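Here subunit A shows up in two complexes: once beside subunit B, once beside subunit C.
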Partner chain A sequence: MLYTLSYEKSTTTDRRKMEISFRKINEILWHTLYSIGVNVKLLIDRPDGTYCFREYRGRVFYMSEKILKLAENVGANNLVSVGTCIGKFTKTGKFNLTVTCLALLAPYAQYKIWVKPSAEQQFLYGHHVLKSGLGRITENTPQYQGVVVFSMSDVPLGLGISAKSTAECKHADPLTTICFHVCDIGEYIRNEDALVS
Partner chain B sequence: MVKISEVEEEEHVLKPTSNEFSGSESSCAKMNKNEGIVALGDSPLKNDENVDNDEEEDDDDDHDDNSVEDSSDEIDTSNEDAMEDGDSYYSDNEESEQIKPTGMDIVKNVLERAAKEAEKNESISVAKPLDLEYDLGTLLAIDTNEMDSDLLRDSTEEYLKNLARDNTQLLVNHIWELPITRKENEIVAKLPPPSFRLPREKPAPKPKPLTKWQQFALEKGIQKKKRPKVQWDETLQKWIPWWGYKRTKAEREKSWVIEAKQNEDPMEDPFAKRAEAKQERVAKNELQRMRNLARANNVKIPREDTLGEGKKGKNKKGQPKLNKKGEPVPRMGLLTPDKMNSSQLKQAVAVSKFSTASVGKFQSRLPKEKERSVGALLPIAKKRRAPFLKPEEERKANLDIIDNILKKRPKLDLEKAVNRHINQEEKQRAEEKSQKPKGKGREKARGKGKGNRKGKGLGKVKMSGKGGKGGGKQKRGKKR
Partner chain C sequence: MGRKGKFQDQAVKGPGRKAKKQKDPVFPEHLKGDGETKTLTRRQKQRARKRQLKLQRSLEHHFKKNIKKNTKNEENEAVGSDVNISDLTKKLVKKTKINGSSNVKPLILKPAKNVETRKPKLFDSDSGSEKEDDESGDEESGDEEVETLNDVDYESDGIEDDDFGNEAMEEDDDESKGSDSDSDDDDDDDGKGAKDDLLPIERSSKKLLKKLKKDKEEDEKELLLNVATQDVFEFPEDLSAEAMNLQDIQQRIKDVVIVLLDFKRLRDPNRSREEYVSLLVNDLCTYYSYNHFLMERLMQLFPLNDLLEFLEASEVQRPLTIRTNSLKTRRRDLAQALINRGMNLDPLGKWTQVGLVVFTSQVPLGATPEYLAGHYMIQGASSMLPVMALAPQPGERVLDMCAAPGGKASHIAAVMKNTGVLFANDMKRDRTKAIAGNFHRLGIVNSVITTYDGRQFPKVLKGFDRVLLDAPCTGTGVISKDPSVKTNKDDMDIQKCCTLQKELILAAIDCLDAHSQSGGYLVYSTCSILPEENEWVVDFALRKRDVKIVPTGLDFGTEGFTNYRQFRFHPAMNLTRRFYPHTHNMDGFFVAKLKKFSNAVKDVKQNTEEIPSSKRKQDSPDKSNKKMKVATSENDGKLNSVSIQKNFQKKKKKGKKKKDNAFPQETNETSATLSSDGKEGNKRKKGKKGKQGKKGEKKQGMVKKENNSNSRTDLTPNLSEHSSEGGAGIKQVKKNKKTVPSKKVKGVAKPKFKVRTAKPFLKGVKKQKKEANVKT
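For the complex of A and B:
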């Protein structure tokens, strides 16, 4: 939990501010569903405790109930980050997954794409995955499906959206885009200061 | 000026008249009775016979009341005086009986006196690692020394009381260093002007909002020139101020006659005309002042055309400007309520419908009219929000949402089904190929050709769970 030093304590309005609306949680769950499929249920129905979502400054955080209780002592203006940031709401109310959720979602991934070592860097620089860089792909991946991108040594590199279904991949040109880039772990360096605040 | 002590006072406690001390006054008096008192130190007035005589008696009384040990804490003005007078006068000391005018005795006497001096000073001198900060003008002493946390915890009252006494003593010592005079039987010290700046009670005033001219001048960098108050008038041959009754008087004096111009109407009264022009200028100035006020306070003011006066939107002849259609040209500025847009009109309709005794319940409605909630437009009581969910409830709610989502998702994904079908077909074909040893060579050749055509990249791609190219080598990927 990160917070700026201050004597300000959280108020009821602060708690209200962080509470997440039904519509928004719906949006979040749909998006995670796109990325990890039915496994999204496991994020909420966890055996090791109660986990919940909170929104703050447009960012959605996923945290255990214990951490939430601690965080509620901190005024909303001073809270920088709590739990895992899984994404953010745009000003128009759309939800985007951010790279910080990768560690959370990667183990549950339903559709995966493995990238060749030669194409890893391209992806980590924020480019789409081309056919030439495609190492493996999960069978039956539909088109425009949220996927988790792995390196050949099974290290999660980021999230993407399949631009072609598995069947289409087979006959595609080497320069066609197979997977659209959504986020990648290169952002931890490229986009460091925008990740949390 | 502060009154230091009263001659008639029974105890030698400083009784200041200033507010700063009024709170601690009672505690000071109490201290005096129980333990030490705030001693007055070396009074510059100790030679004053009047004071001495009175105090002597008091001292004696005190000694009778208190035990002998206590006496050391108190000021002994009488002893001081005795010493000053050359050992001739002692009020209550045992040593006084032994004094004889021998050499040894004189030395002894001197030593004793020194000891006494030290003892006396003990009560008025307070040792502090750091000097206090004083502002005698406000009778303020600030102790920046660290507090003894152990003592403070163990015997809070005692410790604080002692600390207060010591600090007050130090302050009083400093007061005695000031020039002291006597006025109407009272010892009075002249305090220096206060130097400590008390923090202000109210927040600092906000800067005044600039007028339109001030803002303009600021942007343009126009600076106000200093102008002398008066100005030399050639016709009157005297100095005339720029404003005020003298200026008006001079103006009247100066322009008792106005030359009629040729192109002017001879029947018009030029004096009346001028008075009117002046009035108009005053009115304009007043209007601009009001505008500035309105701008400063964010108040909307009606447009000029509703006021009926002003130059804007009118041509040179003073008639309103017209567009091609012959309508008056709309001008810049604030909107008037007579030109509301559709949403404003709808709001107005909603509010007026709502403003009945039955809160708009029985108002007739247009066939396609939507019901508009007035709550957003009027300051009606806000809706109460649902209470906070407990984590367990929240989890259940979230699970419900997920179940709902999963339910909504189409069971049969057409694309997926098609893909699966294609996949199965390909598998089948691959199996057939591998089962036909005869056609192996041909198949291989075709596979190679394909690889060449499509480029190097394709050949390396391994589709998980599918037959590899040509050879039927299967690499199983992760299947969910």
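For the complex of A and C:
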């Protein structure tokens, strides 16, 4: 739906290539975002205009169409970033969400985990969330579900994957990992150069 | 909001926190003070009574005398006698008041005390009178004399009884006051009445006092004379400053400045002003470790006092300030959160709603969770000024030409509330990473980050409502941040900066759309304080383009220069604003706001003819631009882009004159980079050259004008075009090809590209697309 194509003017090989790549992007993006519990439709049809996703240099950017139209004028070698960077494709064709998408996705997140102030630092240094650091967790979170990690004051700190379901969490001992680290805002310092380009 | 700093000590109000206050301590009887509470013997009481009677009598006598005097000359009386009477009566009243029931006590005790305490001072110096303030004001003058006499009495008579001495004193008080504290006229009276009463020793002491007074006055006079004559700075014989230490140099700096400020009077007649000045420059250079060139520039810029203040201020770090990201939080909330983390904060000033000053911090400011969550940005106070001057409105199209690391640009986005479009451009690709990082951290979604040479930008995109040009500069305003400026700048650097700035400001103006409904504004700012990089550049822009200076909207800062040395700038230059470290406690800064009122480039052909150098400059980037486009269209990866960047850098480094020579070199390089593509590459190049040739003449004039006039209106056709082509999907594909000419996409969408080339925005893209056609 996002990347449906019309192929009238492309050659067969090109088309096949395109088809594969865009289907891939499409699938992966949907899959990834849904895995976090974000409804992509909400992201595209917004009251302030239509938004879209674009892949550029292996990164996927999310932007308003108005901005896109102007950004098209910039030469490919001179463009660094447009709108918000959602994630990147790895060399093996997998899609990873990067921390830059956090501000965009956090409000839509379905499953959340709140960490205690004492565990904030741990998580921001790239560690998993342990039971001892778990403040709250959304009810009915399944196992291996993409979640958004918040501080107790509702500041989004990063993304993770739940290692235990909510029910299991209750009976886990303090050193059990509750949430696997995916990305965190500490990367803005640790990894600034590789974030967007 | 942070805690307000209360720096004045406030008077304590009310009873304090404890409701029950401790009472004053009570001492046992034997510990109490001895003299004052002693009860008097009967004899003592009698004597005291007698004394008081006597006093009253003498008072009456004195009063009568004064009345007589009044008839003689009124004026003196008004001063002298009135004071006496009132003094005396007051004294009496006071003493009775203090000691309550018995008015006997005070007469004995108080003076006795005085004797003890003041005795040594009397003959030491007269100045004691000024210092002492244990008595109430009106009593003071009188008491002085009283005591002196009292002492004399006491000693000469050898009477150990306090009472007697005091008695005499009280009596003499009146008379002595009449003589001493009053003017000379009173002396006659004293001669008649009081002098007769005086003992010889009293008279002699009086003389002594007078003499002392006179001596003192003379001393003072002499001292003043000495100050005037002796303190004049002597010009050193040999100027070799090897042996001097820094403190001596500092002293000499002060001395020379004093001399220079009052040169006529204090100069050494054999030395010229230049000698003094050169001495000062040398000393300043050694003391503050500047090079001569910069110091001389600064001396031309500031009067001497300001210069010293500026140099001092440049040694000290400016306060650390942060800017609240209004997209994510409010200043009050942020301040509260940071205070909880152990920081000491205050709002920056009344002129900004988002600034905070950080005094102390227990945690690193750039690594708090709040920082990582994008609630604030570490940014100098001066960096907020150009954005405030720019005053971007929501929904506008804004360009920040030299944006890295994105402080001002993110401020713009915050002011626009994430609407409209913000182009953040910086030439260095490495530095754009910082922009991207900061923008994503701060949650800015309306941005496009590009890496163009600012001078090329009008060829990429035009029709902006507002442009911020924070031009690269020598950084003479931020010496405290980067002290290397002190030594490594010379004339050539300033010249280079200045040239670059002129090119940039013209490019920035060209990017603007004069017909914009809400805008058409350019803000030009630098962190330099040299007029060559500021007023001169703005003045240049005024002459070359249809722009005018408008008020910056900043209500503080000093006015820009309208004349500086040999320069005479536009009279409206006083609307620009300068900021200095020593007066405003922020980095040295310059802000000018220009409004573009016509898109017509002042007759371009004529212009270019007039200024061949500028034409040359504009031409040379063209070529490189084309090369870039080759690279983009082919998209053959890093090799090309690298070479292009190198070319750019080279071009920048080379001075104006060298540019001509640079051309052949560059062409060689491009052919080298393209050689991997074989013939095709070469062909394409030729084709391009042809085009360029044809276009060359038109380019500046025609195309630009077209673009400018239509840029706004042309947007809508584009939009409709998109939508009419049906299906969001199609749209997206097309675009994808365009923005992402990745290998997968390459060459698919040519025809549609062509349609879009009609867009006036993009000359660059147009060419690129045509090339793509040629290729297939």
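The rule is short, and it goes like this: the second predicted complex is superposed on the first by the 165 of 197 C-alpha atoms of A that agree within 3 Å, B and C clash if a C-alpha of one lies under 4 Å from a C-alpha of the other, contacts with A are read in each partner's own complex, and residues count from 1 in each chain.
In this section, a contact is a pair of C-beta atoms (placed from the backbone, for glycine too) under 8 Å apart; a residue touches a chain by one contact, two chains touch by 3 or more.
For clarity, every value in this text was computed on a predicted model and none was experimentally measured.
Trainee: Quick check on the superposed pair: does A:Leu68 touch subunit B, subunit C, both, or neither? Answer first, second, both or neither.
Mentor: Both partners.
Trainee: Of the partners subunit B and subunit C, which touch A:Ala167 in the superposed model: first, second, both, neither?
Mentor: Only subunit B; A:Ala167 stays clear of subunit C.
Trainee: After lining up the shared chain so the two structures overlap, which partner does A:Ile189 touch, if you call subunit B first and subunit C second: first, second, both or neither?
Mentor: In the superposed model, A:Ile189 contacts subunit C only, not subunit B.
Trainee: On the A-aligned overlay, A:Thr50 touches which partner chain: subunit B = first, subunit C = second, or both, or neither?
Mentor: After superposition on chain A, A:Thr50 lies in contact with both partners, subunit B and subunit C.
Trainee: Could you figure out whether subunit B or subunit C reaches more residues of subunit A?
Mentor: C
Trainee: Just to be sure I follow: which residues of subunit A are touched by subunit B in one complex and then by subunit C in the other one?
Mentor: Overlap of subunit B and subunit C footprints on subunit A: residues 22, 50, 52, 68.
Trainee: Which residues of subunit B touch subunit A in the complex?
Mentor: Where subunit B meets subunit A, its residues are 385, 388, 391-392, 394-395, 397-399, 401-402, 405-406, 409, 413, 415-416, 419-420, 422-423, 426, 454-458, 460-466, 477-480.
Trainee: Can you check the complex and tell me which residues of subunit A touch subunit C?
Mentor: Against subunit C, the touching part of subunit A is residues 2-6, 9-10, 14, 17-18, 21-22, 48, 50, 52, 54-57, 62-64, 66-85, 99-100, 103-104, 120, 124, 151, 153, 155-157, 185-186, 188-189, 192-193, 195-197.
Trainee: Sort out for me which residues of subunit C touch subunit A in the complex.
Mentor: 337, 366-367, 369-370, 372-374, 397, 419, 421, 423, 429, 432-437, 439-441, 443, 445-452, 460-461, 628-629, 631-632, 635, 640-641, 644, 718-719, 722, 727-730, 732-733, 735-736, 738-742, 744-745, 747-752, 756, 759, 761-762, 764-765, 768
Trainee: Residues of subunit A touching subunit B in their complex?
Mentor: 15-16, 19, 22, 25-26, 29-30, 33, 37-38, 40-41, 44-45, 50-53, 65, 68, 110, 112, 116, 131-132, 134-140, 142-143, 165-167, 169-170, 173-174
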